[in-house]
Every structure is written in C-alpha cells, then in structure tokens.
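In what follows, structures are represented as structure tokens.
Note that chain A is present in both complexes that follow, paired respectively with chain B and with chain C.
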Partner chain A sequence: MKVREPFFWIIISCGAVIMAFILLPLIEMMTAPSLAMLMETIKDKDVVRSIWLSVYTAGSAALISFVLGTPLAYLLARTNFMGKRLVEGIVDLPIAIPHPVVGIAILSVAGKNHWLGQALSELGVRIMGSVAGIIVVLTFVGLPFYLNAVKNGFESISPRLEKVSRSLGAPMFSTFLRITFPLAWRSMLIGLIMCCARAISEFGAVVIVAYHPMIAPVMIYERFEAFGLKYSQPVAVWLVFISLILFLLLRILTVRKKQVA
Partner chain B sequence: MKKVSMLTWTIIVLFSIGVICSATLALAEPRGKVTIFHAGSLSVPFEAMEKAFEAQYPQVDLQREAGGSTKCARKIADLKKPCDIMASADYTVIDKLLIPNYADWNIRFATNQLVLCYTNKSAYADKITKKNWYEILQRKGVIWGHSDPNLDPCGYRSLMVMQLAEKHYKKPGLYDKLLANRPKENIRPKSVELISLLQTGNMDYAWEYLSVAVQHDLKYIMLPDEINLGNYQYDDFYSQAVVQVTGEQPGTVMEMKGQSCTYGVTLIKGAPNREAAIAFLEYLLDPQGGLQILKEMGQPPFVPCRVPTENMKALVPAELQKLVEAKD
Partner chain C sequence: MIKIEGLNIRLLEFNLLNIKLEIGENEFFILMGPTGAGKTVLLEAIAGLVPIKSGKIIIDKKDITRLPPERRGISIVYQDYALFPHLTVQDNITYGLHFHRTDKTKAKKDLSRLIEELNLSHLLRRLPTNLSGGEKQRVALARALMVEPRVLLLDEPISALDPSFREEVRNGLKRAHQSSDITFFMVTHDFAEALSLADRAAVMNDGSIEQVGTMEDIFQKPRSTFVADFVGMKNLFAAQYKGTKAIIDNVAIELGRKLTNTHGYIAIRPEDIVISRKSLTSSMRNSFRGKVTGVLDQGFSYEVHVQVGQISFKSLITKRSLVELDIHEGSEVVLSCKSTAIHNF
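Now for the complex of A and B:
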C-alpha cells in the first residue's frame, strides 16, 4: 500500500475543519425546530408571504443585474481602456461597504432632500418601505457578484472565435448572440445564482430601507426580537431550505442542458 | 536631634504603609471587560459615561451593545449571551423578562418623554405647533412614523401619546384617524432609525424620545404633561392608554398600559465581571457622575434613584445601597 505523505493529511484535515466549521452551526440550527413547529410555521401566511417576497425580490435583482450587468461585464472582459481598474474597483465597492451604510446611502438619494428623490416622488415611485426599494437595495449588493462571475466567463472565451464570426460578416450583436452567449451562458447562470444568493441573504441594508413589507431575513429578525429564538428559527430553516432547492434546481438545469448540447 | 529622627522614622514607616496599602488597593481595583446591554436611547449618555468611567478606572473596558430594550433582555434570557449590566428604556421589561431568573432587582434611575420630531424640510414645518400637530399628522401627503410597538417601547408609547391626545383634547376618533394616515411601511424597528429617514427627507415627522431629539439636534414639538408620558404624577391618566403588542408567541397579544417613561437598570445574575460592573453602577447612580450626564442629555434623573420596595432594596449590592431609596 502506498504511504501517504504528511502533506496529504494536512490537506485532508484542513478540509475537514472547514466542512465542520460551515456545517456544524447550520445543522444545529436546521435541526433545532421540531417538525410540528416547522409545519405550523409554513402554514402562517405572513411567513409564506415574506419568503415569497424574498425569492421574488432577489430574483428581480438578479434579472436587473443580467440586463444591465452583462454588457459592462463584456466590456470589461474584452477591452482595455484608461481607468479600467477604477471601474473594476467601483464594481467591487458594494461588497466592501457595511450593509446599513448601503441602506442609508440609498435612502439619502431617495428622499426629498435630493433631486433624484424629488423626481422619483413626482413620478409616484417610493423607495422607502416599498418592494421597489427592496429590489434597489438587493440589486446594489448583488450586482458585483453577477458582474465578476460573467466577466470571468467572457474572459475564458477566446476572442478569436468572435473575430472569425465578425470576419465572416456577422454584425457585433449577432456574433454576441450566436457565438459568445452560447459559450458564456453557463457563467451567466452561475452569476445569477451568486447574485440571487447574495441578495436573498441581505438584511442590514434592507431593514433600513424597508421594514414593512417584510422579506424573510427581516421577519427572522422581527420574530427573534418579539418572540425569541424558538419562533425565528423555523422561518430561517424554511428560507434556507427553499433557497437550497432553488439553487439546486438551477444547477441541475445547467448540467442537463450541457449534456444535451 | 534624636526626637527629629524618631519623627522622620515614623513618617517613613507611615509613608511605606501608605504606599503598600495603595499598591494593594490598586491591585484590587476593578479590571477587565464589562458588558452592558442598553436601550438605544441611552447610547449617547452611556458613551459619555464610558469615557469618564474608563478615565477613572483605566483597567476596565466597558463594552456596550445598544438595542431595543426587549431585544437586550432576549439576548440575555434566550441566547444566554454573557452580560453584566442591562439598562432598559422601560423598567418593566426587566421585571417581566429578567426577574427572577436573570436578575434580582431593578433600579429606576432616569425619565424621558415623547416628542414629535421634524426638520426644516418637513411638510408644514413652518405651520406645526403644540396646538395643531394632530391636524397636520392627518393631512394627506404628510409622511410620519413611529417605531415597532412589538419591539421598541418607544413604539407603543408613541401610540399611547396619540390615544391620550384623543382624551386630552376631547376629540373622539382622533387615534384611528391619525393611524389611518400612517401606512405600515412607515414603521421602523427602532425609533433611532427614524432619524435617518427624517434627515434624508424620506419622512416628515417621527415620534421620538426628548433625549434623542436633543442629542440629534432635531426640531421637535413638546407636548403637554398630560400626554407626553414624562411626568409620573400623571401616571393615573396615562394608564388609560392601552396598546396591544405581540405576546409570548406569534398570534398572541398582551396589553401594555400607559406609564411614565422610566429607565431601569439591573445587574445580571452570574455577571462575568461583577466587581467592575458594580463600580460602574456606583458611577452611573452617582448624582455627580452618571446622573449629571443624563440631566445634560435630556433624560432627567431620579435623585436619589429608586427601587419599589424595601425588600428589593435589601437585594441591592451593599456598595449601591446609599445611592437608592425605596419609593414606589
């Protein structure tokens, strides 16, 4: 039998520590509420509404990131220009800002004291305490994750393929649609999942912009404060469970389509 | 000559004893970290007290966590978070959630009152007065809010003020009419969070404690004593205001009765650093110390501080006995 080097065991034990570090607290939390408690919680209309709102707003944030972010990711992957590093730094900025500060920053442009807020209120759009406000916040925090994933995806596709298409007379848009997109859509999907995952977990920024209507993390906080751990845990379990299923489904979809292709 | 040297020796000996004694005292001096959970509305005065206290006891590190008073109590009772001192904006929170399992006594040390805050840019900022505030709050387009009554005592107290206004101004139906102009979206978990909404122009008026208004340089309308929940002599009148808040579990409710805003503080049983915590309490309850700071910050203190009964006074640590009186 082959004798393993000590290095191998170091790698294995580090991995085991990390797995335990992530899984232990989560398993403890997931298994704390009783089944009856979980069933009772999911029958609560407020809980279902808040989880649905979470899924829906996080999904919207991912969609907005997809529409607005894909062109910028493409630009950053394909071109070099003055100040590119600066733009990349700005894209990463929302990751580094403390969450409550994000909420306050968004509120400060959405209020009457700012021209943008005034314009919005004349249009009848309200950011404070609205679904629109939640989506704005989630897009803000989720966008960098989408952009970076998709940028990496574009970078891994050889520009020569696009050049061949262009040289054969295909316009830029059609090249993107027929050459780049089919090769990059997987990274886009990963970007969407990352963005969604980041958005669905956001609490600090959202609670400042919108307490009501309640997304699930805000409800977990409210339940914890008003009723204690016992009643906030089941909501958390359901949120984790439903997110897990959604993300697994997306992953499975990706694998299948790839096999078909 | 011999006498002089005797005297010198005596002085030297006494001096050495003094040095040794103060050295041992210094060793026995409170040290280490003291964890304090306190109501959000105490953040500013407690920060000032922290500086003054730590200057006096450089070995002690006060670690403060501000939050809704109920949340603070939950952190102790449910999460079993280690904590030395808990100061609540509603002293009854300590009575209800911490005594007898997590605390023995509850000292009332300061008061506050409710005011209606606004800024220069608020709608009708130039029109609002002590007399017409409740008419302005009913106007369409005026955005006003309060904190969550289920999480923050300031929240249910705001509702109580409006109930009392209905009685005081003899305007039947006023309370419901006011709330009809306050969509749920205007509620925030903590009252302090409403300030950023005021300052960014997302909200016109917000219910706050006087202390918060003073500390954040906000404009505010002061209300008559009959409704501002600031004068304990009106406690009988205040008790007519009743607000339902969520009870022990979802779907249940309990009733909160109007009562003057009274801050309570307690030492948590099994406090990790009892000695230093008591030293801080001594400073907090001292009329020349913490109580003076509270006075400056718009939170009039009780001098001396109060416990409801002689029985409870007997449970208070000996070092604090001289700073409290039994008075209901």
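Now for the complex of A and C:
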C-alpha cells in the first residue's frame, strides 16, 4: 500500500474543513423549516411578489449588461489602446466597493440636487424607492461579472477567424453575427448567469436605494428583524430554490438548443 | 496586377518600411524571410486587415488602399488554417457565398470542382476538429478559392504540416494555380517549396524588402549579405534533365537518379564542392575543369568562384586548403561533387 505523507493529510483536512464550512450552514438552513411551513410561506402573496421582483430585476440587470456590456467586452478583448488597463480597472471597480457605498453613490447622482437626477425626474423616472432604482443598482453590481466573463470568451476566439471571414466578403457586423457570436454565446450565457447570481444576492446597496418595493433579500432581512430566524428561513429557502431552478433551466434550454443546431 | 508603393506600417511592436513590390497577373510569387521579418504583416496589409500609415496598394490599376477587406476580392490562408470550428467542412467552404452574388448552378459546379481538385468529398459533413493538418489546409484552400478571389494570399500554408502531408497540399496549390487566373502570393521559409512553386520571389528582413527577383537571381546574385546568408544554397542553376543527367548550358552533371520532369532547378551547397589541383580518384561522379575567377575571404573560410564553361560555381574551402593548393585568381582547378549532394527542385 502506498504510504501517504503528512502533507497529503494536511491538504485533505483543509479541503474537508472548507467543504463543511460552506455546506453545513446552507444545509442546516435549507432543512430547518418544515414542509408545512414552506407551503404556508409560498401561499403568502408578499413573499411571491418579492421573489418575483428579485428574479425580474436581476434578469433585467443581466439583459442590460448584455446589451451595453457586449460591445465593450469585445473592444477590450480585441484592441490595444492607451489607457486600456485603466478602463479594465474601472470595470472592476463595482466589485471592490462596499455595497452600501454603491447605494449611496447612486443616490448621490439620482437625487434632486444633481442635474442627472433632475433630468430623470423630469422624464418621470424615479430611482429612489422604485423598481427602476433596483434595476440600476443591480446592473451596477452585476455588470463587471458579465463583462469579464464575455471578455475572456472573446479573447479565446482567434482574431484570424474574423480576418478570414472579412476577406471572404463578410462585413464587420455579419462577421460578428456568423463567426464571433456563435463561438462566444456560451461565455455570454455564463456571463449572464454570473451577473444574475450576483444581482439576485445584492442587499446592502438595494436597501439604501429602495427598501420598498421589497426584493427577497430585503424581505428576509425584515422578517428576521421583526419575527426572528424561524420566520426568515422559509423565504430564504424559496429564494435559493427558485434561483437554482432558474439557472438550471437556462443551462438545460441552451444545451438543447446547441444540439439541435 | 498587384502594385505596392512606398508602403509604411507602424504597429505597436513592429514597423514595415517603404515596401515596394510589383507582381504580375496569375503569377506565383513567394515572400521569404526569417521569423519576425514582417511577412505576415505585409500579407495582412494587402488584405486590408492591418492599418496602413502611408503608401498605396493597387490591384488591377485600382487603388484599394482605403477599401475594407470584404470589398477587395483577396482571400487569405493562414498557417494555422483558421477554419470556423462551429461549421462543417462544406459550410466552411461555402461561407463566402453568403456575401457574393453568385449564380447557384455555377456555385454548385465550382464547389464540386474544388472538392474533386482538393480531394475533400469524404469530409464534407465533418467538423474541422476531426481533420488532419493536411485536410484542414486543403479545406482552407477550398474556402479561399470558392469566392474566386483576384489574389490568394498564403501565410506559410505548408510549414506547420507533417512532412507526409506537405506533398498533398503543395500539389493542391499547384493545381489550383494552374487551373485559375488567380495571382498567388505565398509566404514561406522553405526553399524547396519556393523553388517548386514559384518563379519570382522577394526576401524580406526586419520590416523591409531586401531583394526582389527571379529565384535564380536571388540564389545566385544576392544583392546583400543578408540575402546571401539567408539563402545559403549558392549554386543554383536552371537545368534540362536528360536521363540521369542535368544539363546546364553545355555542362552535364550526373545526378545518379532519373527524374520524371524534363526541366527544373538543381542546387549544390558550396561546402559540398571539393576543389583540387588534379583529378581525384574517388567515388565522386562529377568532375569538371575550371578557372578560378575570384577568392573571397569569409573569416574562417574562403569562397572560391570557379568558371566552368558558361557557369560559375561557388565552393567553400578552409584557409589551409587555400594555401596548400596555392589557389588564386586564374588558377586552373578541378571541381568534384558527389551526385547525392546535388539537390533538384
């Protein structure tokens, strides 16, 4: 029999501690509420509304990231320009900023004292305490995750494929549609999922910009504050459960599409 | 056909300086040079894929310098094939048709001709990942030819292949060139490849063109020390083949093997030519009398030019041999060479 060195056991123990550290609290929380309690919670209209709001605003943030972020990700992957590092640093900034600060920063441009806030309010767009405000916050925190995933995706496609496509008569846009997009959509999907996952978990920034309408993390916090752990757990379980189902569904759907194509 | 005037390119890590070239209609032109000379950049500039600082590119008397790549009618084939991995072989080949108004029946005819010419019929439904290097390069070639370009640019299309696949791609290139009126512009660093395919070539170094001319000129009359060093093979002659002999003017060289074609090139490295004062009694099949026309000091060795009839051979000898044989301009000498040291193309 092979003799294992002590180092091997150190590695194994560290790994086991990490697994337990992540899984134990999650499993404990997921199994704490009884089935009856879970059923009762999901019949609560407020709970359904806030979970739906969470899913819907996170999805919107991902969609906005997709539309606005894809061109920038492409630019960063394909070109070298002065100050590119700086742009990349700025893209990563929302990851590093404490969440409540994000909320405060957004309020400081969306408020009545700022020209942007005034312009928005004249257009009838309210950021403070609105769905629009939540979407803005979630896009802010989710965008870097989308951008980085898609940038890596674009970088892994040889620019020569695009060059050959151009030389065969395809204009830039057709080349993107026929070559780059089909090869990059998988990383776009991963980017969307990462962005969604990040957005759906946001609490600190949202609670400052919009306590109401209540997204699921805010509701979980409120129930914890008002009624205690026992009453916040079932909402948390449902949020986790529904997010997982949605991500799983997205993956299954797109894998099937690929097989058909 | 292709005319390049005063082309300058400045990239972050690289410059091309004052490139001038002229290539004829349906010519097979070769661009040679060491790694990092800027060969690929020049190709991509002709295709419109890198920004140009100054200069002109003219094709068929039309200035295309400012034209986007998709409107130039120039196809490019890369060393790493650059096949679209998500498309089948057939979809790869017909990709360009989406953007060209080609008559359907003609397209079909062209497709089947290319498939036959490049021997691809059994691969059409496959994805590129499942192909060998030679197959991939033949698909890339078919894809580039399918759009009937005026010019086909080839960036070392053979170098990356296993030796066993080189022949098939080389033959594919030859056939494609002969059966079309497309101008071929190929980058290579393989002399055998260059000699077997092309008539004219340019040698490039460090962002500029060192020499342009016929293959023979470049090998025999290098205009710079760089070209001379680069080509190495200094004895290169156009020859007629008769039986096992190669005839150059009125000098017959024994090859010890029978060649199938009637004419071509033969090449001998200068260090393979032995100089002596009297005829050697050895196994060497070739022996000629000649007169020394020049002795060039090359540091550790001397290059001796010997005139035999109409042709001039170059031989490399050590300083010691030079002194021992007492060789100087005007000396009568005997040149000997093994038939196995004679390369033919």
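FYI, the second predicted complex is superposed on the first by the 239 of 261 C-alpha atoms of A that agree within 3 Å, B and C clash if a C-alpha of one lies under 4 Å from a C-alpha of the other, contacts with A are read in each partner's own complex, and residues count from 1 in each chain.
Methods note: a contact is a pair of C-beta atoms (placed from the backbone, for glycine too) under 8 Å apart; a residue touches a chain by one contact, two chains touch by 3 or more.
Predicted model, so just to flag it, every value in this text is computed and none were measured.
In this superposed model built on chain A, chain B and chain C occupy separate space and fit side by side. After overlaying the two complexes on the shared chain, residue contacts for A:R223 are found with chain B alone; chain C is out of touch. Within the superposed three-chain model, A:R186 lies out of touch with both chain B and chain C [touch as defined at top].
With both structures placed on the common chain, the touch criterion links A:G111 to chain B but leaves chain C unconnected.
Applying the stated contact rule after C-alpha superposition, one finds that A:R49 touches neither chain B nor chain C. Set against each other, chain B and chain C differ in how many residues of chain A they touch, and the higher count belongs to B. When both complexes are overlaid on chain A, the residue A:H99 reaches neither chain B nor chain C. Superposing the two structures on chain A brings chain B to within 46 Å of chain C, judged by their nearest Cα atoms.
Put simply, chain C touches chain A in their complex at residues 12, 44, 47-49, 68-72, 74-76, 78, 80, 82, 84-86, 95-96, 98-100, 143-144, 147.
Residue ranges of chain A in contact with chain C, taken from their complex: 80, 158, 160-161, 163-172, 174, 178-179, 182-183. Contact residues of chain A toward chain B in the complex are 44, 104, 107-108, 110-114, 117, 127-130, 207-208, 210-213, 221-231. Of all residues in chain B, those touching chain A in their complex are 68, 70-71, 74, 77-79, 121, 148, 150-151, 183-189, 193, 196-197, 199-203, 246, 248-250.
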